[in-house]
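So that we are looking at the same thing, I have put the structure below in structure tokens.
Letters A, B, C and D mark the chains in the order given here, with residues in each chain numbered from 1 onward.
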Amino acid sequence: MTVADTGTASATRVHRRRPRILRNLASKTASIPMVATVLVIFIGCTLWTVIYSFTKSRLLPVPLFETMPLFSIPVPHLLASDGSWDFTLITGLKSSSFVGTDQYDRLWGTRRWIVSIGNLGIYGLCSMTFSLVIGFTLAALLDRKIRFENAFRTIILYPFALSFIVTGLVWQWILNPNFGIQKVVRDLGFENFVFDPLYNDKYVVYGILIAGLWQGTGLVMCLMLAGIRGIDEDIWKASRVEGIPVWKTYVMIVIPMMRPVFVTSVVIIGAGIVKVYDLVVAQTSGGPGISSQMPALYVMDKMFKDQNLAQGFAASTVMLMTVAIILIPWAYFEFGRKKNV
Amino acid sequence: MNTNNFSVQIKDLDLAFGPVKVLRSLDLDINHGEFLVLLGSSGCGKSTLLNCIAGLLEPTDGQIFINGENVTWKEPSERGIGMVFQSYALYPQMTVEGNLTFGLRNARMPKAEIQKRVARAAEILQIEPLLQRKPGALSGGQRQRVASGRALVRDVDVFLFDEPLSNLDAKLRADLRVEIKRLHEQLQNTMIYVTHDQIEAMTLADRIAIMKGGNIMQLGTPHEIYNKPLNKYVADFIGSPSMNFLDGEFKGGAFVKGDVRLPMKGYEFQAAQTPDQAVTIGIRPEHVITGELVANAPVKMEAKVELIEPMGSDTLVWVRVAGEPFRIRVDGQTQLRNRETLTIGIDPARASLFARESEVRL
Amino acid sequence: MKLTTKLLAATALVGASAASATELEVTHWWTSGGEAAAVAKLAEAFNASGDTWIDGAIAGSGGTARPIIISRILGGDPMGATQLNHGRQAEELIEAGLLLDITDVAEAQGWRDIINPISLLDSCTVDGRVYCAPVNIHSWQWIWLSHKAYADAGVAMPTNWDEFVASAPALEAAGKIPLAMGQQPWQSSGAFGVIAVAIAGPDVWKAINIDKNAEVAAGPEMAKVFEAAANARAMAANSNVQDWNQATNLVITGQAGGQIMGDWAQGEFQVAGQVAGVDYECLPGLGVNEIISTGGDAFYFPVQSDPEVEAAQKRLAALLVSPEVQVSFNLAKGSLPIRGDIDMSAANDCMRKGLAILAGGNILPDGNQTLSPDTSGQIEDLMVEFWNDPNMSAADAQAQYAEIIANAD
Amino acid sequence: MSDATQFTPRGPRPRRIFSAPNIFLYGTLTVVAAYYALPLYVMITTSLKTMDEVRAGNIFSLPTQWTIEPWIKAWATACTGINCDGLSRGFWNSVRILIPSVILSISIASVNGYALANWRYKGAEFFFAVLMIGAFIPYQVMLYPIVLVLRAVGDFFGFQLYGTLGGLVIVHTIFGMPILTLLFRNYFSSLPEELFKAARVDGAGFWRIFFQVMLPMSLPIFVVAMILQVTGIWNDFLFGVIYTKPDIYPMTVQLNNIVNSVQGTKEYNVNMAATLLTGLVPLVIYFASGKLFVRGVAAGAVKG
């Protein structure tokens, strides 16, 4: 705020206020990439996708409107008989490209999509729960002033440096029943031991989960550890003086105090869950069958492989809505609260 | 020696963090019902000592007794202490009542008993209307009271305060200081109070322990500490504005520096015989005699005013004595001008004399 | 005589412009052993003619590669030439004017006279203009059987689908997998198509896939097909490989009895040094209806601004259809040539069977030619689920299948 | 309670190393550490075995016959189609993508963060808020239109953007912008405002203050941003697939291709070597940067 004031002050000194748009010009110039990104990519491209999800685009996006001579057709019919949208009366533009919610109707009538959403739900719920629980538990263990804390932390966090592709391939290998854990245990003499989550349509999501948690819990642990360390030392002292057991202090006092860290973690994990793509591609490509399909795979397939853009757009719009469901309460919590202070 | 005579007794306490010694073979005996203040600048070890008493830090060596019981290896909660922290350490997600009762509920105390204790503490601290609020909705002073209340409900003999007022503004601090003093009057239990604020220390304490570098420099009543500091450090630390020091020689029963000579008549020496040696004399600005009273002063001298700092009730006057800057505190109503020459008087009985090398009171 | 002149003219066309060597990036998804060897033949021939073949192989299946290819064409970064299954995949690209019209090459070389079956060229033709050069015919309608597996199990080599089904328990008892299946969606959908043609017959298949007759799709003929597929699913239960060539490898090594797979599987047997009739057996149309589906690969040439590149694209188009390339490429790949006028005497048993059926005209179009990619994709999604979920009943799957056909365009 | 007759507690409480809580604590941590370390171990050992041993042996055992063949093959001769030059091409492609992307994204985001922190203008907060929300939009929503945007921009300026290095660099810059801008904005806001005011009074302008006052104080945050970007861009798969073509495929995409280009049986040892090679750069950065990496991800994430 003071910055803007200084700018104004220097302007008045020369007795000539520059027009508003020219004030602070260097700063505005520096922000051009951001403004362009926001307008063109984040707003423009998102809207584009949402709008085109209501069209019948196949391999190529269909033209939205055919231009008509303005006000040339005075016939007042709002809805054309074939169900397409007609803007003739108001704009002079005519469109026969829109198909209403057809794409969404088809989407929700597709088993693969339903399975994808179900998988995302299971994966999301488990990933969220386990990430938070494991992340917090590990952080609490590391917080106990242990020896080799750095070594443990280094080991737990390193997978985060690896890509999902690498993560997926390694775990595909370890979980391979012919070479991996199942074989090792069978070689030990347990002939009937079965552990092939990636080849079993009931457990395949959990197979992916194992790899996903391996990659991501380190980050959650780091966030949690930072959160725990950020808590006033005196709180710990107070609880010790009152004779409250350590675990109870974590559960009853520390966790409630870490609400912001938990919220942040939930948002980060949540945004990551909706985007899960590389990991599944590398581990199962959605199989066996369609049992490990995820929405992102459906979108990619429909958009590029099956040459049905609008269907892909509809699916990605639903993904967007899912994120919004996570994001809006968070934004409300974050920014609504700040206003009160 | 019966340890039961003391409320808290510390014997030969050592604490080191790796190579850094924080407390050095420290002994301290605290009487029942005594209000003891641990005073010192930051890093002197006062909070460390308090944490050792509470059991929150483990000593490297030595013993701690509370009510005659050796608690060196005991958990903090088993020591019969209550503690109030600088940041109050209130549990932010619980109501005031929740904060007060959490420890008791955890110890599975009967509900009725908990009710009784909370009611009593709330009454004493006058926080009844706040019981259902959360700490976030309380003012600093209210939080401080709740923090005291949490110690109070534990119904223990020893209260530990770790700089409980230093997060408050000056006015509130003065008010709450009085409240703590009143609380002590009412409860009559032992209180150990850590602060870096000498006013708090002087006003609250039965005895003050001034600490530096992990040692207790002086343990005594506020009066002793103020008037008869045992060493130059304590002399310098206590009193505001701080004491004037002049380096000189002790020769034939008088302090000599250049052409200034102060016969130490009436000064209570620590030893019967004090040999001639290099010394430092300390004279508090408020003990310099000015105005009409100078006539009766044992020693008189002339000094030129160099700077005047009016502070309302008092005025601090900077002069030069024996070539050194020298502060004098005079009544705020005194009219003075720069470069005016002033006659000042000094009473050696109220001065302090320290050996230059050891900085120990002579 | 007429033909010779045309050929001469074509050669002249090729020769004239070959003076300026041009680099062409060619994208394709032929990455398995046999396939890569076949691509090498194309590259060799193209390089020998003076231009340079820049290989743009994209691993995975067509499903992985097609998006990349199409988005590059759309994104204004077209490659010199690209493999696509001929059929409806390129329809919209042609409509949008993104693919090069090579009618002049086709006319100069008289493709209409030499390409057999002519439906291949028709698939490349939109409004009378030619947009792609077909390179091979791939038929899905095969099952590949392992001599070793049947010898180990001590049962006779089956000669048709029914015998194959009957021999399954014996194979299982010998610790073999009766039917090897990969898990990629196109494999599931393809194998189902083969079973459909074999059990319900070509007419039913045509009614569904060409006329989009949903009643037939829901009818009793197809119900039998779904039952048979469910049966096949049980036989493939222990086959947990992902890629088609891993499944082929199970047959090669004798771990599995057979695999329903297109004729490209033959390339794998060849690379492994196996001999048809000795190490492995092939049954066209599952030994029930001897028939060939004439899917296959074609090369499309995205429109480029540089006239030199365009000339090179046309040179490549001419080269791909030339007799020498057709022979060397198809022998390596195990596919059938797109012209009947060349000498395929080097072909092995299986390929000869295919050539004979082709010559007899017993052919079907390929699903890719009759169904839109969208519909194919939906069927793939359904089939991959059906093949992998033993709890999904045949009736249930058929109902969904009929619905997809009803909505097909 | 007479002390004289009893053993007197003195000094620190005696501790047993094998106390129950300690066994639980270190036991749990060791098991957890094993779970996290296992895949790396398996990758390394498998990549050093011969294929025969991979088929016959136990994935957890050490190689009996050590061989670096798989590494050589993965690096130099593994095939995608008829290109048999291994991952080396992908590696250099990744480097060529990485360097301009990191430089461009950090330059833009640092200047932008500085403008947002110190030179606020009307509307800045709005754009920043949308930028932050944008970080959470699933990429799939924007993938396709971006192809069109890149093409349109390319056409406008008369050069190829989509499918080239330049296009991918721009995409990485766009998607790196939210988190980096946040990082820099928060950092510059945390610097003492007096410093900025003093420079203003001395007559320095936007760029002078940035280069001569802010930059010299910001080395740590640049290192953090670099760690974040290098790791993120190196590990990218999706953008590499969509916005490039095979001859400039980054390493991750090529890895997926090589691993999925099955010829006969899968060569797991080569696959593992290739996987390790691909993970090597971020791993080295991770192990070398240690706490800075943690700071980077924590700073990036906590405030995200």
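Basically, a contact is a pair of C-beta atoms (placed from the backbone, for glycine too) under 8 Å apart; a residue touches a chain by one contact, two chains touch by 3 or more.
If you're wondering where the values come from, they're calculated on a predicted model, not measured in any experiment.
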item: Partner chains shared by subunit A and subunit B (touch criterion as defined above); value: D
item: Chain pair bearing the highest count of C-beta contacts; value: A-D
item: Chain of greatest Cα-centre distance to subunit A; value: B
item: Centre distance in Å when subunit A and subunit D are each reduced to the mean of their C-alpha atoms; value: 17
item: Geometric centre distance via CA averages, subunit D-subunit B, whole Å; value: 54
item: Chain centre separation in whole Å, for subunit D relative to subunit C (CA means); value: 41
item: Whole-Å gap separating subunit B and subunit C, where each centre is the average of the chain's CA atoms; value: 93
item: Multi-chain contact residues (two or more partners), subunit A; value: 300, 303
item: Multi-partner residues of subunit C (each touching 2 or more other chains); value: 68, 71, 74
item: Contacts with 2+ other chains: residues of subunit D; value: 148, 256
item: Which chain pairs touch, all of them; value: A-B, A-C, A-D, B-D, C-D
item: Complex contacts: residues of subunit C adjacent to subunit A; value: 63-64, 66-68, 70-71, 74, 89, 91-93, 96, 183-184, 240, 242, 372-374, 376-378, 381-382, 384-389, 400
item: Contacting residues of subunit A [partner subunit B, same complex]; value: 232, 234-235, 237-238, 240-245, 248, 252-253, 256-257
item: Of all residues in subunit B, those that touch subunit A in their complex; value: 51, 54-56, 75-78, 81-83, 85-89, 91-93, 102-103, 106-107, 150, 154, 162
item: Residue numbers on subunit A that touch subunit D, as the complex places them; value: 1-4, 6-7, 20, 23-24, 26-28, 30-31, 33-35, 37-38, 40-46, 48-50, 61, 138, 141-142, 144, 146, 150-167, 169-171, 173-174, 179-181, 183-184, 187, 214, 218-219, 222-223, 226, 261, 264, 267-268, 271, 274-275, 277-278, 281-282, 296, 299-300, 303, 309, 312-313, 315-317, 319-320, 323, 326-327, 331
item: Residues of subunit C that touch subunit D when the two form their complex; value: 25, 27-28, 30-33, 36, 39-40, 43, 54-60, 68, 71-72, 74-77, 79, 243, 245-246, 249, 268, 271-272
